[in-house]
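Take a look at the structures below.
Here chain A shows up in two complexes: once beside chain B, once beside chain C.
And now, the complex of A and B:
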């Protein structure tokens, strides 16, 4: 047990160190620019916890990052570079909205259930076809998943403007879903999507599946060395397809949680780029599901705090882009240092 | 002559509490090939890194041409005429041969522009002087491994190296390239170079060197003229005990009712995309408890044969039977289910997941059989105990259950593969190049394990380009040439020379032998 914790600590140490150093350097930058650096930083880091409403917004931003990030962990562990998180998210969200709107009048619980199932399937489909093309025809998944993002966004756009549009609202916004199909909030935190605790549970499940089941072992073997996997009787192609289905399904679920639990409708610009951010979240977490929770929370904190910082002080929110870039840089530095240490030993 | 060209006395080097080298003496007289032999981990590479200026010794002196010298860094080594050719190449694949040779010290025009023409000309001169058959303008990524190695050697020679260190240069080469390299080494010696040839392959050391120094556990234990020692003398000095080269008894193969066929290939044919016959009408039978050796020069269809039987490559004609059942179209998983084990020729490629732990590698494919998982969940404690037991039994050194396999040495990696495949108690075991890159001790262990498996009644298809290995272990020997099985002979009825003739002569050679 102690050994497990030590191991966890050792693998987390580098990431935590990078985050601390990033924040320290970031503070130096703020001192240079801002008239009131302490207040700026306080807003960035702590405004998310200043009120219940702020905290709710924070959790609602962390939820999709964690869920999509977990999906990306599956894909990467199977050796697939899935950069299609955004598209899978949109497919989930628009399918969820469409089902909810078309089935208005049905019992709410049933509608919600069908919405969730539909979103998961739509996301899974958007993970499946690039995997199918990769394993069947050798089409590079980076190209297909990336292009798939645009296709998904355009499909969603078409659906929302032609079939689901709320004519009274401004922009590409769908009708509201019937209120009885909305997902409940976290008890005590009105408007905080129940998706957040679900994401936490999903992380634990994902870790168990990847590191404590035979399927997980096979999937990782296929990702590490497909020729090795094949030799010991694993079918790498099947593992790739399965991993991509899980990957897409989790992103689709994130879309459903947004529509059913946060927006209660589909808005074309609901994602500030969660899909791509989740890619960084997963990589910074070194493809560890628990790590994804930590880095997802950190990214959401930056994303959320930046808004308050910009409103309350003279610091522009683009500081956050700088900080996240710096973080990525520092994480890579750490990897290299470790590599060298091993050579010397 | 008193002035040995290179003389090391009492060299020692520790890394923390671990002594890598304890006391090494070495002297190289003049132009000679000096073999430095030792098992993996004996301290050969540390010693050479000291000579190349990469590491500093804790004690001892280095003399070059009778003068005591210090070698604080690789540049100093180069100035002293010591050139190092590393086992892993340090070439830039996208640059030409001449650009690589002069990398970092390009010939400049006006002090700015690289003078490519002058570099090509100088490289050409160098290549001609040593008769290397290289094009100075060729791009390195287009060259074969053997050619790249020659570029690496030229890089050292361009610095006017008089003492050339070759660190296990043959490990990456095919047998034919090995022969070429040995010839190159002799030529370099004739032109006045001293060569330190680090190797654990005794045959190579014996064939090319004039003097041999053996290192064991960081101490130089033997220095003799090569002509005066036998291979077994060298191996005894390396390991510190007699190596009883495991040998298959002549009457070991079962007979009578026990002699039932396990693997049968009938006219197996595999075509490449271009229509070339990679396997050409191969038929063979391996019986229970029998070791069937497949000899042949590398690249004559042995890899294809192994992978066709394992189910990794499809055959376009013929059939494969396991215990009388047609398995031609079965998946690798289904074949393994029926009792097939496979030790692939490249353990880093097909054999292991390098970044996975030892426990995961041993357990892979054995979860059900060894009851390491229940209801899909892996019982981690049971899996690790299972791995620990195998680590002990197979003497996998420097490992615990959680060690990434990639951190182990080649011999210990191979033992992990053996541990996994033997766990299956296979009825048929395909063993391809089982001791490639392994030192004497590890090879002995692997050979003993193969013999023990045959004793248990396992049918073994042993594929190796080391003829001595085939002859020591096999009951019957098949010789492959250009994808075809050109002859099958009883081991007792054939000599090494005869098999060599079949290997090189193809069908014609085999026919000549039969007549």
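And now, the complex of A and C:
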């Protein structure tokens, strides 16, 4: 029992250290700038629990972070540096919106099911091609997934402005999806996407798959040492492609949950950068699926709290963007001076 | 459309890409994939406009841009080399820090999250003169080229000389290609890597200054919009060597300039904006297969250990 806790502590202390350092630096900054620093920070960290409506928004922000983060865990565990979460999310969201709008008039359940399937496939496709280029041609996946983000955003923008646009709405916003295809809310929490409990279940499934199945073991072996894995009969290239398909699929699913459960349409700016934040979430969790739930909830807290902080105090919400940068900069710092592995596990 | 005009537009599009690529090249030769170029450029773009607005001096503005990016680069180098953070994660952190920091300053200091547009801003030093028109085609194309654009062209041979003809360049490349051998030969590898990152900061700073100071005279949030990453791709396409990297940067610059032209033919702007990213991805696919064929020793983005 004590050993378990010690193990947990050992794997978590680096992340906790980075979080604490960031929050302290952030507080220093707030003290310098704000007239009421304590109130600013209180809003940032606790406003999400102040009302039911705030809490619902909080859960809706945590959902994509956890889902994409879980996907990134798969990719990183297989040794792929997937920075393309944002693109995969957008591909899922826009595909979901397109299917929902084109199939308007079909039975709602069927539309919703097809939307979800389409989004998952689109996200998976956006995870597949960088993996294919990496394994087939040796193209570095960091650059391709980053480029893929820009391309996906532009594809989504193109689809919205040329095919799905709601002419009455301001900006690049799609038409509403038919109401009977909307996903139900969490019972007792109106407007909270059902995606949140799904994300929790997904975390448990992801943990089981990664640590209690042969596939998970092969995937992790391929990620730790591809050459060794190959000598014991694992095909690392296949594991990489599979991991990236799962990674993209989960991000695509997150996009579908937003469109079907929160926005009920596609908005060009629906994501404040969930993709890279989810990378932060996954790495802070030291690539542990249950850890992703914890860090995802923490991160959504900051993200959501920033909005209330801006409304209630004189602190701009971009403080959180700045703190995110600090956190990402510092989170893989290894104070114990061990050898550097490219993918922090 | 005259050829000279097109070349001129290629030059302006290429310069920031080329500088970003060269910045990434120095760190790549020290075996660090520098994804932070993007953030360094963004911070520099803002610093140049902010300082130029206050001082009204072009030189000071360019220096401020370069200095700001260098400070970021030093932080990046410290965190990833001294504190041994993963350099890709830390590099992404630099990008987020630059994006968040510039937005924070826009909101907090300038009370305008939309951007920073000084009413008057000094014109950047540029090549002008009737004598240029005497040179066929290239002369008129260089008309109005900014000092940073010209510097980016000169930097290509300069960096070749530095990397391949100076002891420091040898040491830097040795640190990247085989850390252990370099250490055995008495080279201080961490110091070399640090130097490479700081170098890349100066160059990325110039790229950022060029972006906001040349013609535009304003700063917008996220105005780099992936140019740093396109430069990174150009460097990978060019296998980390100066001439090939410059060639790739020009290729991407042509793609951007051609994209601008396409816009007047009623092609959807999204398709046009996509061209440089698609060109970069295709470029990498194409380049990588050639690198494998040539079995280059440089460890391009290879995972350690």
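As a convention for this text, the second predicted complex is superposed on the first by the 289 of 345 C-alpha atoms of A that agree within 3 Å, B and C clash if a C-alpha of one lies under 4 Å from a C-alpha of the other, contacts with A are read in each partner's own complex, and residues count from 1 in each chain.
One rule holds for everything that comes next: contacts are C-beta pairs under 8 Å (C-beta built on N, C-alpha and C of every residue); 3 or more make two chains touch, one makes a residue touch a chain.
Only a predicted model underlies this, so the values are computations on that prediction, with no experimental measurement involved.
When the shared chain is aligned, chain C comes close enough to touch A:150, but chain B does not.
By the document's definition of touching, of the two partners only chain C reaches A:320; chain B does not. In the superposition on chain A, A:81 contacts chain C only, with no contact to chain B.
Between chain B and chain C, C contacts the larger number of chain A residues.
In the superposition on chain A, A:212 makes contact with chain B only, not with chain C.
Shared-chain residue A:231: touches chain B; no touch with chain C.
Contacts of A:328 after superposition: chain C is touched, whereas chain B is not reached.
After overlaying the two complexes on the shared chain, residue contacts for A:51 are found with neither chain B nor chain C. The intersection of chain A residues touching chain B with those touching chain C, taken from the two complexes, is empty. Taken together, the chain B residues at the contact with chain A in this complex read 15, 310, 312, 331-333, 336-337, 342, 344, 349-356, 360, 363-365, 367, 373, 376-378, 380, 420.
Taken in their complex, chain A has these residues touching chain B: 208, 212-215, 217, 220-221, 224-225, 227-235, 345.
If you check the complex, the residues on chain A that touch chain C are 33, 79, 81, 83, 133, 137-140, 142-144, 146-148, 150-151, 154-155, 157-158, 161-162, 276, 279, 283, 316, 318-335, 337-344. Of all residues in chain C, only 33, 35, 75-76, 79, 83-86, 88-90, 92-101, 103-104, 106-108, 113, 225-226, 229-230, 232-233, 236, 268, 270-271, 273-274, 277-278, 280-281, 284-285, 288-289, 291-292, 300-301, 303-305 touch chain A in the complex they form.
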